[in-house]
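In the part that follows, the structures are each spelled out as structure tokens.
Next come two complexes, and both contain subunit A; in the first it sits with subunit B, in the second with subunit C.
Then we have the complex of A and B:
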């Protein structure tokens, strides 16, 4: 009797251990921490449903940029630290759309339409560069992102924008650092079919938009080309021997990733309500990178589930810590925790790189 | 001399196994001062392992050590690291160079053993900051080069040297060690031109006159006869012959190298496809594959046959399929069924219904982190649009998971692949089963022509037989022409109709598989470069 009990205990423990292993210890710790924050929230005087709404909102703003990580991870180009390049395409689309005088929901649509060719062209150049330096993609990507942001800092001032909503009021030229989207596409997606129950509000439109893109990505990975892309990331020599054009696949993945980043920033802006220029895109890549890693992706494997779980966990912590921790210890810890979680996650994933690779 | 009768080196009953796999059994060797011993044998005969034991390489200790005794000048020794061996006066020149490209010959010869002068800084901070005594260094390097008997420019930077001179720099480095009594040369002539090789032989002779014993490993048998005092031939971990060089011939040695005492494996019915159409005609093929350079290969492959390509390692047999299939830079003409196949384009070859099972299973052959389904179906999906469902008039090519699972399960059954199911990751399979997955991948392409490269490398005997049987069945049932490349001659003889032997990047000859092994052995060493 006792013996059988022991045995079931043992298998249960083994099963638990296996479950922990498959879910990943860091992910478990972060999920536990987030859960703790949610439980603690009502006790320190912040409303639970408001917190949930905030988390959902932040998720909906950021999820597309995290999704942008997926294609490059699949093709073996690593984590897209060059995300700012795509973000800049999005910003160009956004500002040009306003400059051309589009307003309301149409301005959002036009921002997408304008940023698409820009992001594809920039992505192609970026992809061409990454094909030249196979093996060092992530390092180069980081600097592509940084330098493009710095370059655009000059261009935002020099480009001949005239729309009075965007330029500096004093001189009449050069774009402002922050541009309000009121009257343009502020919350166009979020307000679509928005659900409000008490303090809980769900940005249905934004979530649907993300779901659409995520479904598109999932479907793409199930096609012949998507399969080839994954194989290129898994073993480029194998793919080459099977007649796949490795460089072309990598280029395609980089273009796709850059385009998604452009769309991602537009979605972010419509939720946030402002366009942020100049140095704002500088560190945009890091939250997205750490989110997908927290979600359980490795340097060369990622799924849509990783994107969703990772964004919820990461954005949940970012939203919850300021309110809960500040109320609890009366000190602003949120930034510290956010930085520790995001940088620590990137560090952790990069040290495990060899394990995932062949 | 008092110790005139004690040999310099004696190895007694050396035994070694790697995880239960016996690679050396009862090796006995003796070597006297100034004697030159030629060591030869096929790849995998155990030469390298024996030398690793003698040189105290880490890999031997890590895999459980060896049995038997090594005696140097009558004293029993046990080397734990190569440094112990060096201290005992044993030097080794490996096949791969270990030289610093940006340093001169002198600096390389005396690396880490440089004569030094004291200076002000080193008086204060210690010996590590002594100045190098370049005059003294030049003198010592010159002495070592003189000892070698082949002149190289001692001031030349290694990166600018022709490959042969690099080899001589390595030898000079060993000779510059004063305590050197025994020098092991592992295939030193493989990279040398004919002239340089002759110079090397001369320098071996001069070393031997100065009392240095030499163990000379090479595939070029005539060199052994030219320079050695005695010849030791190894096969399957045994010494099969230990004779004076003057009492033997190249023919005899090659017979010892390949000959099997009991020929159990060769039982294939050899078909004579004399009249058959030519399936593929290769003309003046060159392939730039590192370590397996193909220089000038012309070969006709007949429809429906199994052609074996054999030869010693590094002679270029692996370069042939890799070059034709576009994995390495190649040139020449390849005509398949009347159509010229463009080289350097894997896709074009696959489109022409050629398939290739690579010798590099883990590197080229498999997606280790993906399921067996992906591994089996991927090339057929990409090349022939199989296992796809078309939507929107062919615009969307959707992966047909059901068809993929069916084909994978069929091959799992047919080839008896041991796995937990078609969704298992390829990495988790054993070597033999991974090889079967590679075959399944090629079979799924339903090719008209199949290259199989080293299909049995690194897999156990049972899996070997299954793999060979699968190939034979594929050839017989589907009428597919198969070209199989293997280092194991007996394996080729057991399955092939004809065997071509590659030597020195060229075809040395093609013979029916029923010809005696010795003939193939002769061909193998005929043009070794």
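Then we have the complex of A and C:
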């Protein structure tokens, strides 16, 4: 009797230990920290429902970009630090759509339409490159992102844009660093079916848009091509033996990721209300990468649930820390906490042993 | 036949040195367009050589031990900055200040370097991306220390470097009383060009140290680890320890380098001085013809000259060509990143080619063995 009790006790503790281990200590700390912030929020005088709305809002802006991480992780290309390349295509779509004179919701649609071929072409080139350098993807992806952003810095100045809402007023050429989207697609998704209850407001349209893309991704991963892609990621040799074209699958995943990044930045802009050019996309990959990792993904494994949980946790911390911490200790340490938490999470994921990733 | 060989050699030489050749071309085009006078250019380049070479030399040791480009050199730069902040708070100026800052930076660098080495040992095979993310992570810790802890927990007396709110360090810390004290001591002027002899002597000593170090037992161990970790381990080398030592050495040297760099600049941009330093040093080294697994002192010198010539002339040349000075600014940033990208791609493709070559040789050998039976 006693023995069995001991055993159940042991297994329970073991199970708890295993659960913590599989969930990951840093993830636990971050989730606990966020919970603490939510509990502390009402006591320091910040409204709970406003905080929830802010978190939801920011979730809706960023979720698609985090979703863009999924295909490349599935096909074994690792974390897509080259996200800025997709963002660039999105920015090109956005600026061209305005340049061609589209306004209102139509400009959002046209931005997507224009950025799609651009992102597919750039993604194809990027995927081809990553196929040449299997094993060293992440470092090179980072620098492909950096190079493309700095290259586009020149292009924003040189390309013949003329729309008076976008170019510098005094010289009549060269795009501004931030372009207001008022009259174009500012909050076009967020205002669709928006729900307002007291201080709580839910950007239903944006959430639905994300849900649509996420469902599409989920469905895709369950098609024949999708499973083949996952097979390539988990065991390339086996996939090759099973007759899957490894390089083609990887290329497809990179193109998909780049396209999602382009859509992601457009969704972000419609929520934020501005297009940010020049160096703005530079570090945009890092928050997306750490978000999906916080959500429970690893360098070679990710699911839609990881995306949703991760984005809520990450954006929750980003929105909550400034207000709550400021009121609590009268010190704005949010920036430091954000940097340490997000980079720490990436470091944690990179130092895990992930055999079979290559 | 001989001619053919020669032709092949030339093609090989060009292929191996694509990046430096490209840069020589860029510089050759941009220098006349920019319209800078030769003495001005030489003066600028000599100054920048004194400022940067020490930092870049710090990258050589991790390359030797096969850990790639040490993006974690930012950690050493932070250590150097922390040391300089303390020294300038204590109002110790001139050469004694520089020397004291260097001594002070050693324990901080060793601590950070050991931490970095430990982390990199946990991420074998992806050292570069890990050290790169680590530099961001440490930047957060650095901010925590400098912005919140200094002045509140660690006493900072002087109001010229403390934020008005009572804790934290100002955005810029002036090193006016330390400015170029190393460079000016023993400086020689040759036809309007100021040569900071002492700085160059220090750099020369470091070069000699690196040459000597390669021949020591530890240096040989590092090279063995860089060649093949498995073989090195079988030979009785403590691979993990060797790797940590190489990163610690690099971090300490980067700390010294940062102090030399900042005494030349004359002020510390507390929150941004270190953030770009890794990128520029790595780009300069790669421009000199180094690759991820092979770099020499010659690469460092050539790289500094070429990279900084481009850096000086590009904005002006860009302004002349397009009428917009920002184009040149962006161009040089783009080139720095593009060079690193290109070098990384060339390294990875070469590695894969080598791997498949080894595979083919193995196959061939096996076939021959089968035929014998």
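Quick note on the criterion: the second predicted complex is superposed on the first by the 332 of 358 C-alpha atoms of A that agree within 3 Å, B and C clash if a C-alpha of one lies under 4 Å from a C-alpha of the other, contacts with A are read in each partner's own complex, and residues count from 1 in each chain.
Just so we're on the same page, a residue touches a chain if its C-beta (ideal position, glycine included) is under 8 Å from a C-beta of that chain, and two chains touch if they have at least 3 such contacts.
Just so you know, these numbers come straight off a predicted model, no measurement behind them.
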Touched partner set for A:150, first subunit B, second subunit C, both or neither: second
Touching partner for A:177 - first (subunit B), second (subunit C), both, neither: neither
Partner chain in contact with A:347 - subunit B first, subunit C second, else both or neither: second
Which superposed partner A:305 touches (first subunit B, second subunit C, both, neither): neither
Which of subunit B and subunit C A:199 touches, first, second, both or neither: neither
Comparing the two partners subunit B and subunit C, which touches a greater set of residues in subunit A: C
Interface residues, subunit A side, partner subunit C - complex: 81, 129, 132-136, 138-140, 142-144, 146-147, 150-151, 153-154, 157-158, 174, 286, 331, 333, 335-336, 339-340, 343-344, 346-347, 350-351
Residue ranges of subunit C touching subunit A (in the complex, touch as defined): 119, 122-123, 125-126, 128-130, 132-134, 136-137, 139-141, 143-144, 147-148, 322, 324, 326-327, 330-331, 333-334, 337-338, 340-341, 344-345, 347-349, 351-352
Touch list for subunit A against partner subunit B, complex: 219, 222-225, 227-228, 230-231, 234-235, 237-238, 240-245, 300-301, 356, 358
Interfacial residue positions of subunit B with respect to subunit A in the complex: 325, 327, 346-347, 349-351, 356, 358, 360, 362-370, 374, 378-379, 381-383, 385, 388, 396-399
